[in-house]
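Once you've had a glance at the structure underneath, I'll fire off some questions.
Chain naming follows the written order as A, B and C, and within any one chain the residues start at number 1.
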Amino acid sequence: MEPDDRSDEPENTTDPHRGYGDRGYGDRGYDAEDLLAALGDAAEDRAGETEPPACRLVEISLTVNGDEILQDVKLDIPAHACTVIMGPSGSGKSTLLKTAAGLLVPDTGYVEILGTNPNHATDRELERLRARNGFVFQDDALWQNLSLLQNLTLPVRYHRHDLASDSVTERINGLVGELGAPRRLELRPANVSAGERKIISFVRAIVGDPELLFLDEPTTSVDGEHADLMIRKLRELKERNVTLVAVTHNARIASQLADYVVVLKAGRILRFGSLHEISRSNEPEVGRILTDVLSETATYDGDILELLDPETNTYLT
Amino acid sequence: MRGAIEQIGSATIVRVRKLLYALGFMVDVFKQTFRFTTSRRVGTHVLTMQILFTGVEALSVVATISLSLGAVIVIQGLSLLPQFGQGQLIFDILIIVITRELGPLLTAVIVTARSGTAISTELGNMVISHEIEAYTVTGINPIRHIVVPRFIGVTLSTLLLNLYFNLFGLLGSFVVTQFVNPIPLREYLSGLLASLSLTDVVSSVVKSIVFGAIIALVATFHGLQVERATTEIPVAAIRSVSHGIILLIIANAIITLIYYI
Amino acid sequence: MKLRYRFANQVVGVFVILAVALTVALIVLMGANQRWFKKNYYYHSHFTTASDLSAGMPITFRGFTIGKVTAVTLQEDNNVDVEFYIQEEFIDKANEDSLIQLVTNPLGGGQIIFHQGRMPTDPPPEGTVIPTYDSKQGLRLREENRTIVLRSSDPIAQALGQIDPILQNVDRVLVNLAVLTEDLNAALRGEASGPVAGMLSGAEGAVAELEQTVVRVNQVIDDTTAQINSLLGEVTEITSNIEETTAALRDPTGLVTMLLDPKGSFATLLDDDNVLFDQIVGIIADLELSIQSLQESIADVEKFTEYLNTTQPQLTGILEEGRQTLDASQDVIESLRNNPLLRGGIPEAQEQPSTFESIRDEEF
């Protein structure tokens, strides 16, 4: 599998190798009653029918300053679903997310985002690809020299010349209102709180209607009320078939949104499968990691893995 | 022994790789600059602000330095030259010092000290706070959006500041001449204009453009070299000043040499 | 928000426009000052040596710089080729029969003087050789009087230049003498210290110098007179020429007839295509030229005479004064020689004890 061959492929070509059919991750739905069925053979069939993965990581390894952050990562992130990456601190979650988004160039292997290898794309192809992606950084990563409003309008203005500035403003105001963001958008990022900045950076990621949204701890430093608004928005996006890839310690995001879970340990993928599968996994290591990760934010003192199981999770509904 | 050879070899490879990387960066900046000037997609606001910070705000420093430099040259020159009956040479000396050599170089040094460090620090901070990544992931080329306006702004500002440096330097010398040995403005101007050749003007302009480009490239390059720690930012700023000044002096020597060949 | 940031565009706009405008103005001024848009006409000249010649040397005509030397090169035949240009605005001064002359002054820094041809013709075509003053061709042109030669400093100016320092010299000697005689008188009264012999020899030296100066003044005056005479001779010559021409013109059988038809055939007169007319016009032009140059000469003489007249009294006055002083000093010297006390030298004056005592000494 030469990377070059891959990059030349048109985005819609169906790939016989796509999907981890044997792991049976056809489950895209959220409804609890479908879960058992989803585990069945039918799900595998559906997996065979689905579109190519939104993001494909092929034999990725990445070394930074001599530390191997990612080792031999193979991952197909399914389209129109929510994949949550979990793992203990320092396991390389953010690095994996950034590599998947094409922000970091791996030492070996390659990435295909929506069928395009960003390292072999022309500037224009890359620009077009980026316009279809959104990324919420762990810290807000807002442009400090621009006002909040300019932070929000710049990406839209840059990619969507067709939109009139009125409709852009209207759209921004709608989103800002929906997410409870600060109303004084003429302020610079430094003049608002960290939580508000985070909300604005979330709005910035979704304002351009992305097909693929990467989220790196979207709810950190956001209070519960606003986090709920954010989760509600993410569910709405999911319903609109937006592919979500999230790194989170937040049990609520994981349980309410996740279709698939990637469990990462020391730069390697320990387990990848549907939420149901993972949450019922009887591998002790996976269980321990998930317990550790989720206990950081959860206050629920029952069996921590139940949190992830929408079937038993009454706390969330 | 073998260890030493290996060390030298690997150090050379690292150096060459860094150099190639820097050259690649330079080529990319030039390419994006061309695109920036041909397409109007990116707002010119950053450019305007860059000229404001680098050019307009440095004007008072430049004016002060050049006025006093012009005055010093006239005082020294007029105390020495007429002894040999070469009073007219004062104009040639003014032009060589202010227009050809110190004008471009001093403005470039001022710009390096003020804006080179500022740009390195700013870009370093942008890297740390993931602002650069935010541009990349939004599909906005950070070279075109961040580096190019600064590149154009600094280059243009250096050129303009050099023009003002010349203006103030030559004007300052006239004002001082009025105290030492009053001559009418007309006579002063005609003496000056007779000594000033187009080569001097072109040389000065070429120098300040090259210097501005060097300052901007070095500053943005070192700013973007920052990776993750805030402690890298002051290091980047120091590097951008020291590398910048070394490159400026080398470039100055080369251009002067070219003009005298 | 600072005003500067609110009006960033305006501030930057002014900053840029001002710089650009000033630069453009500077370049335009430079262009005007350095004649970028004026044409230069290039010519060559051949010299035997390149000493005192250099690129950038000005070409002057009646004190105006009309061009510059652009290159001095040694050619294969060991001639030194000088390329120079004449500025567009002075090109009508150049004509055939023009000459250039290298003039150096002992202080260094020479110049090339341009001598205009006498005949008003079109400027010589670009790239042609303009002969030098000392070349054979130049000599011939001068002998044939086809070139108007203005010497860099004409005899009158020279004479005036010579007289001035002499007058100063005389003045200085007189002052010296006056001081000396005063000193001598003081010495004779016993009021001064120091050897009188030394003073005497000084006085003698001064007298000798004055005598020499007077001789030189006479010489200069003689020289100048000779020059004036030659000038006057020139004037007479020109006058006689004119008289001759006028006579010839008056004489119907003389010059005019000859000019009209050397062969004596009147047929040519009738279908001459204005030849006759042109010839007459030429003669008249020549005459005009002669009269002009005569007027110039007369003006020069007048100027000199005027100068002499104004300075004569002063000069004679000074000389007279000199003579008087000389006489006086001679008297002094004479009397000194006759003084028996002073024969064989003057003894060192006796040191008189000071009679002055401080007030304090007296009181205590």
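Assume contacts are C-beta pairs under 8 Å (C-beta built on N, C-alpha and C of every residue); 3 or more make two chains touch, one makes a residue touch a chain.
Only a predicted model underlies this, so the values are computations on that prediction, with no experimental measurement involved.
Enquirer: Once the contact rule is applied, which chains count as partners of both subunit A and subunit B?
Expert: none
Enquirer: If you average the C-alpha positions per chain, which one ends up nearest the average over all of them?
Expert: When every chain is reduced to its C-alpha mean, the one closest to the whole-protein mean is B.
Enquirer: Let me have the rounded angstrom distance from the C-alpha centre of subunit A over to the C-alpha centre of subunit B, please.
Expert: Spacing between the chain centres: roughly 45 Å.
Enquirer: When the centre of a chain is set as the mean of its C-alpha atoms, what distance in Å lies between subunit B and subunit C?
Expert: Computed value for the inter-centroid distance: 54 Å.
Enquirer: Round to the nearest whole Å and give the separation of the Cα centres of subunit A and subunit C.
Expert: Between these chains, centre-to-centre, one finds 97 Å.
Enquirer: Which residue numbers or ranges of subunit C touch two or more of the other chains?
Expert: none
Enquirer: Of all the residues in subunit A, which ones touch at least 2 other chains?
Expert: none
Enquirer: Mind listing the subunit B positions that touch subunit C in their complex?
Expert: Subunit B reaches subunit C through residues 48-49, 51-52, 55-56, 59, 156, 160, 163-164, 167, 189-190, 193-194, 196-198, 201.
Enquirer: Can you name the residues of subunit B that touch subunit A in the complex?
Expert: Residues of subunit B touching subunit A: 41-42, 46, 125-126, 129-131, 133-141.
Enquirer: Spell out the part of subunit C that touches subunit B in their complex, as residue ranges.
Expert: Against subunit B, subunit C makes touches at 4-5, 8-9, 11-12, 15-16, 19, 22-23, 26-27, 29-30, 33-34.
Enquirer: For subunit A, which residues are in contact with subunit B within the complex?
Expert: Spelled out, the residues of subunit A in touch with subunit B are 98, 101-103, 123, 126-131, 133-135, 137, 139, 141-145, 154-155, 158-159, 201, 204, 208, 214.
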